[in-house]
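The following pair of complexes shares a single chain, chain A, combined with chain B in the former and chain C in the latter.
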Partner chain A sequence: MPDQLLFGMEVFLNGLMAGVLYALVALGFVLIYKASGIFNYAQGVMALFAAMTLVGIMNGQVPFAHLINAVFGLHVTNFGWTVPALLAIALTVVVMIGLAWMVQHFVMRHLVGQEPIILFMATIGLAYFLEGVADLMWGSEIKTLDVGLPQGINETIDRVTFDAFGYGFFIDNLDIVATVIAALLVIALVLFSQYTKQGRAMRAVADDHQAALSVGISLDFIWVLVWSVAGFVALVAGIMWGAKSGVQFSLSLIALKALPVLMLGGFTSIPGAIVGGLIIGVGEKMFEFLVGPMVGGATENWFAYVLALLFLVFRPQGLFGEKIIERV
Partner chain B sequence: MLDAAPTKETLLEVNNIEVIYNHVILVLKGVSLSVPKGGITALLGGNGAGKTTTLKAISNLLHSERGEVTKGSIVYRGDRIQDLEPAELVKRGVIQVMEGRHCFEHLTVEENLLTGAYTRSGAADIAADLEMVYTYFPRLKERRKSQAGYTSGGEQQMVAIGRALMSRPECILLDEPSMGLAPQLVEEIFQIVKDLNEKEGATFLLAEQNTNVALRFAHYGYILESGRVVMDGPAQELRENPDVKEFYLGMSEEGRKSYRDVRSYRRRKRWLS
Partner chain C sequence: MFYREAGDFKTTYAADSQTFPIKFDRIGYYIALIVAFCVLPFMMNDYLVNAIFLPFLIYAIAAIGLNILVGYCGQVSLGTGGFMAVGAYACYKLMTSFPEVNIFIHIVLAGGVTALVGVLFGLPSLRIKGFYLAVATLAAQFFLVWLFNRVPWFYNYSASGQISAPERTLFGIAITGPNTQPWAVYLFCLVFLVISALIARNLTRGSVGRKWMAIRDMDIAAEIIGVDPLKAKLSAFAVSSFFVGISGALFFAVYLGAVEVGEAFGIQKSFLVLFMVIIGGLGSIFGSFAGAAFLVLLPVVLKLVGVDMLGWPTDIVAHFQLVIVGALIIVFLILEPHGLAQLWRITKEKLRLWPFPH
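The block that comes next holds the complex of A and B.
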């Protein structure tokens, strides 16, 4: 096989892996949008916040250390212990559930029945607020996140492909783990929403708030549940991105990459988020590989948005967007 | 006040309530009514008379529409209920079937029914009640696996009523069950309501624009106009009242009048304003 083709295949696979990470972020958006009609601009920041909290807990950092030191004239920074990864993840989940509760009780419940645009603006506010809190809580320096996920080139794939084609594929172990985890997460979410009472209630709320309220479903509870699940998804996304490129504030910008993913997949479809993520991931890598050299490169920055724009023109509900059931 | 079945106890009592939307729009201007246990009570009146608002005030779905009860009280089995959450009311046995059916479109018919049992526990009881609903609505059993959004209007109304039944309600607030349905289906739905009332002992408070059907099936009726009760009485009496005949049943002693006459006559003889 010609080298160029093999290289293309490798790029394709790497694109798939990158797509999984986009899909993870998009998933969080879809969950909240489906259940409450809120486009949660803060989803990306939630991933950042989750990752920072995880690192902070693992390193035994004192939260709000700068603030405490400034007020009380102390010099504390560290508890002087480290927390094992799994325990830290569990604690972070608790923090994310607390965050979900606070978002519902201090922001969203006061806006019940308001226009979607008002809810959207509230989440923009939430995004900046959360970014500030994350900064204040854990400091703004770039941190490395290592929860013990395997990293670096996968030797087996490298060797097998080298033996078969005379060309070793470079696939990062982390990407493989991310793919597996994303798949498990999606399966778990689908099982939860299809076969449990709370999952059914979640779908009911997504369909019709008023009717859900009328049969005795507590919207407050369901929305806290949804924001918690979205927080959990954000944590998973945060771990993956953080392990890949370090925990830093640009992490919240990946939220913007999730936008084209959602336009492709449809805002209300979980499979759509996954497939959309993969298409964007593969698409931008392949485009860069095939067309990039002709136009001077750096196509990854805009390819996703152009693709999304085309979708908006020709198929506004996305690939898997919920069909609007209309009886005539 | 006359009562359809004076021996029966009062299940629900609404005393002189006022409802304001968005802090400014006064919709109900002092509505009082009482619902006897085991009866079918009808709330009649034209568009914007305040029927739906009255029901929503009772089930407390008003809150999510930025409405609130500012005066008066709503008493259910001797307890004031107007500050309770809808979920708490459903647990106590008061459930509303909303106007326009409001099925969960993307859930199957059976899933829709099961959401009605959200506040309950006990899988065996719930399964038994599901069968009970299917015996009243055999058509729903046939369509149990279809998405509710793709079922017909009549079937959706059945889903909405069946869903409410799944909560084991004592008092069902039924809002405009005839809306958008063919006369034959309206008859069918009302017949089922009557059956449920007689066999299961369910109490109904129903809001209807279709005065004719409502007064045939109900025991007692209240007529609302611009947020006030202007007349009430046993269904039989209301049916024979000349004003009700003229305004709501489209009949009068001199036979049919031309539309123009009716209009000017009506303006003079309004109860209010």
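The block that comes next holds the complex of A and C.
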């Protein structure tokens, strides 16, 4: 086989893996959007917040250390212990649930019935707020996150492909793990929403708020639940991205990357989020590989948006979205 | 007691529909103009101009532009930073290609170029709306910034990839470049702001503005009563981008002098201007001023309090700024979705009856 084709296949596979990570972030958006009609811009910052909290807990950092030092003139930084990864993850989940409760009680509850665009802007405000709090709590320097996930080139794939084509594919172990975890997460979410009482209540709320309210479902509880689940998804996404490229501010920008994914897949569809993520992941890697060198590279910055834009002109509701019906 | 409309009789239609129908407001408006044009230039120094007045004047123009699109026409845009970059680069190319032409004309032309680009990226608004449109404008943001970064023609093949404004004069007084006087750049931007505000105000209360608002309130119904969505939406994109382009050109040529596109016109800038519009008040020209003033002054005040008075490190203050801006946006949306402009309206209503409310 010619080299160019092999390179292309490798890029394609890596694109698929990147797409899985986009899909993971997009999934958090879809969950909240379906259940409450809120387009949660803060999803990316939630991932950042979760990852920073996880690192902070694991390293035994004192929260707000920097601020405490500045105000009281102390010099505290660490508690002097480290927390095992699993326990730290559990603690972070608790923090994310607390965050979900606070978001619901201090922000979203007061905005019920407002126009969607107002809710969207509120989540932008929330994103800024969370980013500031995360930086104050744990410091804004780049941190490494290591929860024991395998990293580096996958030897088996390298060897097998080398035997078959005479060229070893470079696939990161972390990407494979991410794919597996994303698949498990999706299966778990589907099972949860299909077979548990809370899951059914969640779907009922997504269908029709008032009808759900009238059969005795507590909207308040469901929304806290949904934000918690979204927080959990954010944590998983945060761990993956954090392990890949360090925990830093740019992590929150993956939220922006998830937007075109959602537009392709439709805001209301979980399969859509996954397929959209894969299309964007493969699309931008292939575009960079094929066209990038001709136009100066770094096309990954905008390719996803332009693709989504062109796509929307022909199919405004996305691939799997519900048909938009408008009445006067 | 002082703020009242009793005895302020209108005898003509024109008198009744003027921008400031209440005499007290009118006097206040004239006083503000006189202070801005005749008093403030004498008090200018480098710190005031660079930290407060220039950013305020320039962001106010951008906020007016974005307010036309978001507040009056209801088309949410996250591409403001990209459009400001278009204005800046158009201005740069014009300044370097035609050095003999007046800088004033260059900046207006830069606005015109941005208007064309704005119409181009506004085309999808005919098919998609709401969030989808907001994300579509992100395409403009990222694509434009990438374009100006990667195509050397835009920055005249300079080694650093930056653009920097050469010295240009107006009536023999330096407006751009290193040798500017604070009062000169202040007045230059002020003239642009006043003209922009006048144009925007008169457009929005005329038939064009009413069409925009009809589209905003319900586009299908507006179409049925005879508003052409194509013309209304694209004209809103054009006018909005025109002002945003002018502000981008001023931001580059007069305020910063040298610009690196990703830093100066990134996505953060889009959000900043959007916040100005939200906090100031959607659909209000006064709100654009108030929002711009608020978000320009906030970091200055925070820095004064945090760094200079309390002696905290600057990074903590910067983080606090994020927290405060975020919290303020949420608080505003919860308590007063119509922003500072609505607070001002309520204050005026109260003042009208003060001190004898019924």
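Throughout what follows, the second predicted complex is superposed on the first by the 322 of 328 C-alpha atoms of A that agree within 3 Å, B and C clash if a C-alpha of one lies under 4 Å from a C-alpha of the other, contacts with A are read in each partner's own complex, and residues count from 1 in each chain.
Here is the rule we use: a contact is a pair of C-beta atoms (placed from the backbone, for glycine too) under 8 Å apart; a residue touches a chain by one contact, two chains touch by 3 or more.
Note that this is a predicted model, so its numbers are computed, not measured.
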Query: In the superposed model on chain A, is it clash or fit for chain B and chain C?
result: fit
- prompt: Which holds for A:R200: it touches chain B only (first), chain C only (second), both, or neither?
  reply: first
Task: Tell me which partner A:V112 touches in the superposition: chain B (first), chain C (second), both or neither.
output: first
Message: Tell me which partner touches more residues of chain A in the superposed arrangement, chain B or chain C.
response: C
- prompt: Thinking of the overlay built on chain A, is A:I217 touched by chain B (first), by chain C (second), by both, or by neither?
  reply: first
Message: Contacts for A:M294 in the overlay, against chain B (first) and chain C (second): which applies, first, second, both or neither?
response: neither
Task: May I ask you to decide whether A:H209 touches chain B, chain C, both, or neither, giving the answer as first, second, both or neither?
output: first
Statement: Across the superposed arrangement, the tightest C-alpha approach of chain B to chain C, in Å, is 14
- line: Check: chain A residues flagged as touching chain B and also chain C 327
Task: Please give the residue numbers of chain A that touch chain B in the complex, ascending.
output: 112-113, 197, 200-201, 203-204, 206-219, 322, 325, 327
- prompt: Which bits of chain C are touching chain A when the two form their complex?
  reply: 76, 124, 127-128, 130-132, 134-136, 138-139, 142-143, 145-146, 149-151, 218, 220-221, 224, 267, 271, 274-275, 278, 311-313, 315-316, 319-330, 333-334, 337
- prompt: Mind pulling up the chain A residues that touch chain C in the complex?
  reply: 39, 66-67, 70-71, 107, 110-111, 114, 116-118, 120-122, 124-133, 135-136, 140, 256, 259-260, 262-263, 267, 295-299, 301-302, 305-306, 308-309, 312-313, 316, 326-328
- prompt: Residues of chain B touching chain A in their complex?
  reply: 59, 61, 64-66, 85-87, 89-91, 95-98, 102-107, 111-112, 114-116, 118-119, 147, 149-150, 152-153, 163-164, 167
